[in-house]
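Take this structure first; my questions come after.
Residue numbering begins at 1 within each chain, and the chains themselves are lettered A, B, C and D in the order written.
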Amino acid sequence: MTTLCADPDEAVAEVRDGSTVLVGGFGMAGMPVQLIDALIRQGATDLTVVSNNAGNGDTGLAALLAQGRVRKVICSFPRQADSWVFDGLYRSGEIELELVPQGNLAERMRAAGAGIGAFFTPTGVGTPLAEGKETREIDGRTYVLEMPIHGDVALIGAHRADRAGNLVYRRTARNFGPVMATAATSVVAQVSEVVEIGDLDPETVVTPSVFVDKVVAV
Amino acid sequence: MTTLCADPDEAVAEVRDGSTVLVGGFGMAGMPVQLIDALIRQGATDLTVVSNNAGNGDTGLAALLAQGRVRKVICSFPRQADSWVFDGLYRSGEIELELVPQGNLAERMRAAGAGIGAFFTPTGVGTPLAEGKETREIDGRTYVLEMPIHGDVALIGAHRADRAGNLVYRRTARNFGPVMATAATSVVAQVSEVVEIGDLDPETVVTPSVFVDKVVAV
Amino acid sequence: MSTSEKPLGTQPLGKDEMAALVARDIPAGSFVNLGIGQPTSVADHLRADQGVVLHTENGMLGMGPRPAPGEEDPELTNAGKQPVTELPGASYFDSAASFAMMRGGHLDVCVLGAFQVSAGGDLANWHTGAPDAIPAVGGAMDLALGAKSVFVMMTLFAKDGTPKLVPSCTYPLTGVGCVDRVYTELAVFDLRPEGVVVRETFGTSYDELAARLEVPLLR
Amino acid sequence: MSTSEKPLGTQPLGKDEMAALVARDIPAGSFVNLGIGQPTSVADHLRADQGVVLHTENGMLGMGPRPAPGEEDPELTNAGKQPVTELPGASYFDSAASFAMMRGGHLDVCVLGAFQVSAGGDLANWHTGAPDAIPAVGGAMDLALGAKSVFVMMTLFAKDGTPKLVPSCTYPLTGVGCVDRVYTELAVFDLRPEGVVVRETFGTSYDELAARLEVPLLR
């Protein structure tokens, strides 16, 4: 059952201290900006954030980090021209980083959502990011064993929802949203528009309603 | 580059003896009937067929089996009210069967298409279908290791293609088509209609053109 | 819940009554898979205001009832390959996504038939073990693990009179420790870590059941 | 192919000429990922009649050039987060599907930058190994394995004059044995099982290259 929330604050009200929060978006495309702002107001702390990047400038994820609310970041690309908040926390040892190749990041969340216990991937083999991990040769190629990443909560940005919670995305803003929606216990989506049940073509639904717990139009 | 074929015979002309052929469809929905008929005419033999079922009545897959052209079937549900051709070959030891739970069948092809070397799945653990396979306990749950299923050729049924090879499906005829399209070296799709490039909404494409080698309208 | 909390049925349930009972117990708003065969009849007893959304393993959420004669669409079927309809709010997806949805634990309830269920929740419903049988599993092993709650609907005794709720399955397993509740014509059982709890009885009593089954029963 | 089969360039290539050279070598009809940074300039040199389809890791096939000023769409970007356009025949998909497409070997060519490439095809392009550097890998390790042919574009020598085509990488690896061909301003190299083959030279000679590099070269 998907709940339509009146505002982003209601949508993130139940995030708890110590949670693992999956945050969608690739750069600004698909970034659930209003949900992150609401999470900053909401106050949950000691969070683990899983996202492709680790915040830009002084707003959004960076602002959450700046408040000391994030214990650990699991991401593929924290270092950017304007990632000074993360950079500072990392250099001073105030935040933990688990660096994951982008495809493994997506696949590990996909595994969590699909009930896969672990998988062998070729990506990262022979590099520092596979150090200490189990490897295996299968049919002449070497693979490294990677584990699922489950979220307690996913915050994602989509284009349009129906009242049942079915989601469609727009262009390259789709990115991590669909896979994060499968990988978290509670999934919160911000959308540009909520339409009536029956207004989305069932052939074009990208995230079926079963994955979505809360929807808020922003 | 996707080739538009004049007829199903041209589309399956290159199937070789000894090939592994992935055949789409769940019952008749999504079944590439005309491609199978063309494969029967084409003559390739000693085939391994991967499909959810193992043929019904005396046509299609059953007719291919009846001609002694299939060495092995990998499927989830061969036994049906009208699967007498398979039943007879199986009882007389003339065909090999690898029985795979339907979800593992789909996931093993998904792994092949996604470059995953192997994966741990909970499905089948403790049953005869996991006997002899590696198992592992991960976070308190037992999983069995399953390997990818690659095809040399996939024969699938879709609804509509554009000339670039992008595919959309219709209703529950989608089933195994999209995953088989990722798992085979050469992918042949029969469709009801071929439209111009630009006539499919890029948001609604289910199988992107990169996966599709040959398209034929039937 | 002890048997004393519910009125006892005075006679065994018919198939239709069993289906109605299962339907009654499915929480409002659940996402549900009804397998194939007898469990699919549960759909006929779901109330519209329950807001239950049906999943079918061949790639759909929001499955509706059988269409009117002449309105069948060969490209819109359930897992039993029977024609169905599409309800508003439906969605379609491929087989890998459909089974990922099940295996990942996203469905709330799955209702299955069974040859045998063990006290520990093991399920046998795909193969009788007969040496000449042609094996076929379909989605059975996925469905057995494919929901937060797995309900079984079956007769409590086989045609030869032997119990189907057993200390340990003799037929080949479909899944281990996966069944949460068993609906039969004589009683409903909850399979819990502490043992098999008789939830309701119909035309029989706890003592009669305890005498006929080898499985220790809890009230 | 030996160096004698092609006319030798009389001076080192500029960046634009390198990009043009790579574009020329991409087979017609290929599905291609151009990474981020310098390799993206290859797109400017692809001919329309080559029918090359560009993939971007953030979830698109059929990526078009930068839009006209004022027509940028913040929801349509490339992997470098720069605005792009959509060409007819495009499709969108999520990150898991996008990387599955790469990892599964469905793309034909990937073009990447590099800090170092070893004679055996090892790639180092994500981390200089500097102890104070904040690590960031993005899709680099996926891209390194993500196509049937992996091309590198780089200067042959670092700013301090040391070669970047080396017997063995000293920087942390991105991928092992993954690079097929290296384009530099002075020469194009094929990395083959039998060794490093000089394919073309520009403003230098095989002998000069052999003298400046520690890697054994084949003609």
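Following the convention adopted for this analysis, contacts are C-beta pairs under 8 Å (C-beta built on N, C-alpha and C of every residue); 3 or more make two chains touch, one makes a residue touch a chain.
Being a predicted model, the structure only gives us computed values, none of them experimental.
Could you give the fewest steps needed to travel from subunit A to subunit D through chains in contact?
The fewest touching-chain steps linking subunit A to subunit D number 1.
Looking at C-alpha means, what's the farthest chain from subunit D?
Using the mean of the C-alpha atoms as each chain's centre, the farthest one from subunit D is C.
Calculate how many whole Å lie between the centre of subunit C and the centre of subunit D, each centre taken as the average of the chain's C-alpha atoms.
Inter-chain centre distance comes to 55 Å.
Can you compute the centre-to-centre distance for subunit B and subunit D, using the mean CA position of each chain? Integer Å is fine.
The computed centroid separation for subunit B versus subunit D comes out at 35 Å.
Round to the nearest whole Å and give the separation of the Cα centres of subunit B and subunit C.
That pair's centroid distance is 29 Å.
Please list all residues of subunit D that touch 2 or more other chains.
Within subunit D, the residues that touch at least two other chains are 86, 92-93, 100, 102-103, 145.
Give me the residue numbers in subunit B that touch at least two other chains, ranges are fine.
As it turns out, subunit B has residues touching two or more other chains at 107, 110, 114-116, 121-122, 169-171, 203.
With chains as vertices and touches as edges, which is it: line, ring, star, complete or other?
other
When you check every pair of chains, which ones turn out to touch?
Inter-chain contacts occur between A-B, A-C, A-D, B-C, B-D.
Which residues of subunit C touch subunit B in the complex?
The contact residues of subunit C facing subunit B are 56-60, 73-77, 81, 86, 92-96, 98-100, 102-103, 122, 127, 132-142, 145-146, 172-176.
Would you mind writing out the residues of subunit C in touch with subunit A in their complex?
So the residues of subunit C touching subunit A come out as 28-29, 31, 51, 53, 55, 61-62, 86, 88-93, 100-107, 145.
Within their complex, state which residues of subunit B touch subunit C.
Interface residues on the subunit B side: 26-30, 52, 76-80, 83, 86-87, 90-91, 97, 99-107, 109-110, 121-129, 142, 169-179, 206.
For subunit B, which residues are in contact with subunit A within the complex?
Against subunit A, subunit B makes touches at 107, 111, 114-122, 136, 138-139, 141, 143, 147, 168-171, 201, 203-204.
Once bound in the complex, which stretches of subunit B touch subunit D?
Interface residues on the subunit B side: 1, 110, 112-116, 162-164, 166, 182, 197-198, 202-203, 205, 208-211.
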